[in-house]
Amino acid sequence: MAAAPSQSVTQSDVALDVRGLTTSFYVGGHWYPAVRDVSFTLQKHETLALVGESGCGKSMTALSILGLVPPDTGRVEAEAILFEGRDLTRASDREMREVRGDGISMVFQEPMTSLNPVLTIGFQVSEALRHHRGLSRREASARALDILEQVKIPSAASRFNDYPHQFSGGMRQRVMIAMALACQPKILLADEPTTALDVTIQAQILELLRDLRRDTGMAMIFITHNLGVVAELADRVAVMYAGQIVEIAEVEHLFARPSHPYTEALLRSIPRSDRDTAELYTIPGQVPPITRMPSGCRFAERCTYRQDRCAGDQRLTSLRDAPTHAVRCWRRTGGDLPTVGAADD
Amino acid sequence: MTEPILQITDLKKHFHVRRGFPNPKTVIVRALDEISFTVRKGTAFGLVGESGCGKSTAGRCLLRLVEPDGGSVEFDGVPVLNADAATLRALRRRMQIVFQDPYSSLNPRKRIGAALAEPLLVHQVAGRAEARERVRKLLDEVGMPAEAADRFPHEFSGGQRQRIGIARALALGPDLVVADEPVSGLDVSIQSQILLLLKRLKESHDLSFVFISHDLGVIRYFCQEMAVMYLGRIVEIGPIPDVFNEPLHPYTRTLRDASPVPDPTTKSVFTRIEGEVPSAVKPPSGCHFHPRCPHAMAVCRTVYPRWTPVDGDRGVACHLYDPEHGGEVTAVGAQA
Amino acid sequence: MTVAADPGAPPPLPAKTGRALLIAQALKAFRANRLSSVGVVIFVIVVVLALLAPVIAPHDPLEQNILSRLDGPSAEFWMGNDSYGRDIFSRLLYGARISLFIGVAAIGSAMIIGSAIGLYAGYRGGRVDAVIMQAMDVLLAFPALILGLVIVAMLGPSIQNLIIAISLTAIPPFARIARAPTIVVKERDFVEACRALGFGDLRIMVLHVLPNILSEILVMGSLWLATAIRVEASLSFIGLGVKPPTPTWGGMIREGFENILDTPWLSVFPGLAILLVVFSLNLIGDGLRDVIDPKTRTD
């Protein structure tokens, strides 16, 4: 088991400690891991970005933490998922229901489909308060209105009894965030919350999330495929590829010294709006399917630095000169390849 | 600068939509309100804007996949909008389109080979045997193995389907390709593969592009000139990278600053962005952007700004740059 | 790190070819639905029996056997004899030929005409669509049996007229069922791509849209075949069907109806036959619907 790099801090600063999480799916008679041996700690007040391309297991990691993987097709195994002294892997269904929406809540990508179209937004936001906090209808409504104002819905009081279709996409996402925040969760799991939005609206939502984190002190796991959004929002970043974390580091460190060949290649594959990209890098091939994962390094077949030893097991190991920066690549952590400086130029 | 291959003047499309219950009213959606731009031979012209700004409608109107309501489109000297059936058929061979969604752009019931050969047979540019050979070459050009011809679309990933969609667009040997968000549904690593492919094809086939995207990074990488659209109108046109370095229109600046950049050292420099994109059914009076504009003046609320040329090859529709309203034509960066 | 000159070669393709895969999927989904397999087996047996009627029928269906009038089932006459002493089993086999022929011919032509109308209306849209579908709705307002009854009453009873009547009643539903998916499919980018490539509308409708809506039409077809057989039986029962002595299932029920309490086998066996066929076709239709349901489909 690889040590997550930031475990030197005291346990009381840790909001969530995920150890050895593996989530498998049943495909054609076999169990295949979609998330394999994922470990990380989330500090209080910290925003950790899980970033990767589709199918890398980032969303499945979040669903596994919340116990929302469909039990008939998926299987979650973990050494431990520690939240407030409790191991969520051993929690009963009832305990998990208490944790969800109260201690840990989630915001989804699609603000159009994640709200119930026949209930007013006021009702939907106050529902969680009545359920988890046992507030009366009136108390819950008052609190819900506060939260809707906190997420900056203009004239929230007069819109309290409006239905979701009367809101724009950006406003609906604000309502979703308000619902998630209603019970003042310790941790917010945000799964691609801005992906469906236009850039100017995305900027507003990111701004809002930043403000909320500052004001409430909650920790956040932000799941996205967009490295630009990561740079805007995250304190720490875990890059995922084919179900594994391949690199984890503080955000400045990761962008300054992308050390896993995948991270490095990914950063060079993004055409940037802030400067000219003379030559765009491209990663050949595609992610191997879940049913045909290679042993050893899963990125090896697309990697320019591949050597025979890459077929062996790869561990997430800290860089020699940067204990909080861990990489799943023996050539980088073993010192055989020089680490890079900035992403480019 | 090369000569123009496509000239669009005052292109207009209004959709009439009946809505409301129980008393439906017909509302007019001004999807395209008299836009004009020119694409030069061998270059890529970017159309950028947020959802509902009319950029996709523009692409479809200039190909007459949607019939525009007014204006003119001239392709290589041939007027497109009043072309008769025979002329239009000939034009179809020279102007093609690549779609955003690789899952909906291929007929699920047709083998790839048949789908690629069909245009060749319909336009009688090749016989059956020759078509098979051409299909093999097309597949090779977009980086697909020849065996792909015998397969069905659902057997391919999104990136592979997009390659096939590109091959189909190339089948008739076009001079101009309208690419409508060709990489937006794709993962970063696949997106860069497709962008490189398009760039290579652009050089090897001497293609011109109208490249539609909401992603400023993609536009900056692929295009030589660009137009920024907002609610059915073009608010700014200029060469790249000038528009990025010194955006003239406040909306262009907003858009640029809101686009996230993979560099944590530049975070939170963007100014707060006001408001939401208004509906194209009821655009704000005067300049459509004025409710969100940090520089809005009294005139902006009542009069739509006229087109003001700047520095020869640039232009903007903003009162800030119109001498009549006290704007200065040359002062740009400092203004906004 | 070098910059790759060529965007990477895509990975090797899966081994199975598309058509095989589609069929395999369909079969799998179909097999998962046991009941529809039962439906297929029943229907196939009925069709085979009907086709082989001249070979397996123990007697001539028209041969009158005065001595065996209204006899119950026996070793020689498995299902008994009718009031003319004709063998009910043999008549049932020959009747199946007529009933199935009328059903298939009527639904086949309704399917072709109705789908063409729906496809055209859906593809053209706008005013053309509105006018065509209004007309279809007027026809659809009448129950199939009533409409068939009126038409047969006007044209006179004969196999040909029955086919026309049943087919006319089935055209509007087929137009509806073809139109709805056409509207969805024509909005997809590949249809726009066809137009951008300069294909004609007829080509796009027949070669590109139709194959994508065919499954919906086939489901409808199997369900309507059951209805057609029922309507044919009903019309024959009230005397507007095929003229005696030609055996049809509906006609046989009618002939036995007068003495149904004394000699129930005259009506029960053809009744059971209708029940069985309608039932099997409905099972098949349900199974097909499950197969084409987007939830069980991969593309």
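Order of writing sets the chain letters: A, B and C. Residues in each chain are counted from 1.
Keep this in mind: a residue touches a chain if its C-beta (ideal position, glycine included) is under 8 Å from a C-beta of that chain, and two chains touch if they have at least 3 such contacts.
Fair warning: this is a prediction, and the values are worked out from it, not measured in the lab.
Undergrad: Closest chain to the protein CA centroid?
TA: Checking distances from each chain centre to the full centroid gives B.
Undergrad: So which chain is farthest from chain C, going by the mean of the CA atoms in each chain?
TA: Using the mean of the C-alpha atoms as each chain's centre, the farthest one from chain C is A.
Undergrad: If you average the CA atoms of chain A and of chain B, how far apart do the two points sit, in angstrom?
TA: Each chain reduced to its C-alpha mean, chain A and chain B end up 32 Å apart.
Undergrad: Would you kindly tell me how far, in whole Å, the mean C-alpha position of chain C lies from that of chain B?
TA: That pair's centroid distance is 48 Å.
Undergrad: Please compute the C-alpha centroid of chain A, do the same for chain C, then give the distance between them in whole Å.
TA: Here the centre of chain C sits 53 Å away from the centre of chain A.
Undergrad: Of all residues in chain A, which are in touch with two or more distinct other chains?
TA: Chain A, residues with two or more chain partners: 265, 280-284, 286.
Undergrad: By residue number and range, which residues of chain B touch two or more other chains?
TA: 157, 159, 192-193, 196
Undergrad: What are the residues of chain C that contact at least two other chains?
TA: 4, 7-10
Undergrad: Please give the residue numbers of chain A that touch chain B in the complex, ascending.
TA: Residues 53-54, 168, 170-171, 198-204, 206-207, 210, 225-234, 251-252, 255, 265-267, 269-274, 276-277, 280-284, 286, 343.
Undergrad: Quick check: in the complex, which residue numbers of chain B touch chain A?
TA: The contact residues of chain B facing chain A are 50-51, 157, 159, 187-193, 195-196, 214-222, 241, 244, 254-268, 270, 272-273, 276-277.
Undergrad: Where on chain B is chain C touching in the complex?
TA: So the residues of chain B touching chain C come out as 60, 63, 65, 88-89, 92-93, 95-97, 99-101, 103-111, 118-119, 122-123, 143-145, 147-148, 150-155, 157, 159-160, 163, 165, 168, 171-172, 192-194, 196-197, 200.
Undergrad: Tell me, which parts of chain C touch chain B in their complex?
TA: 4, 6-10, 13-14, 17-19, 21-22, 188-190, 192-193, 195-199, 203, 208, 211-212, 298-299
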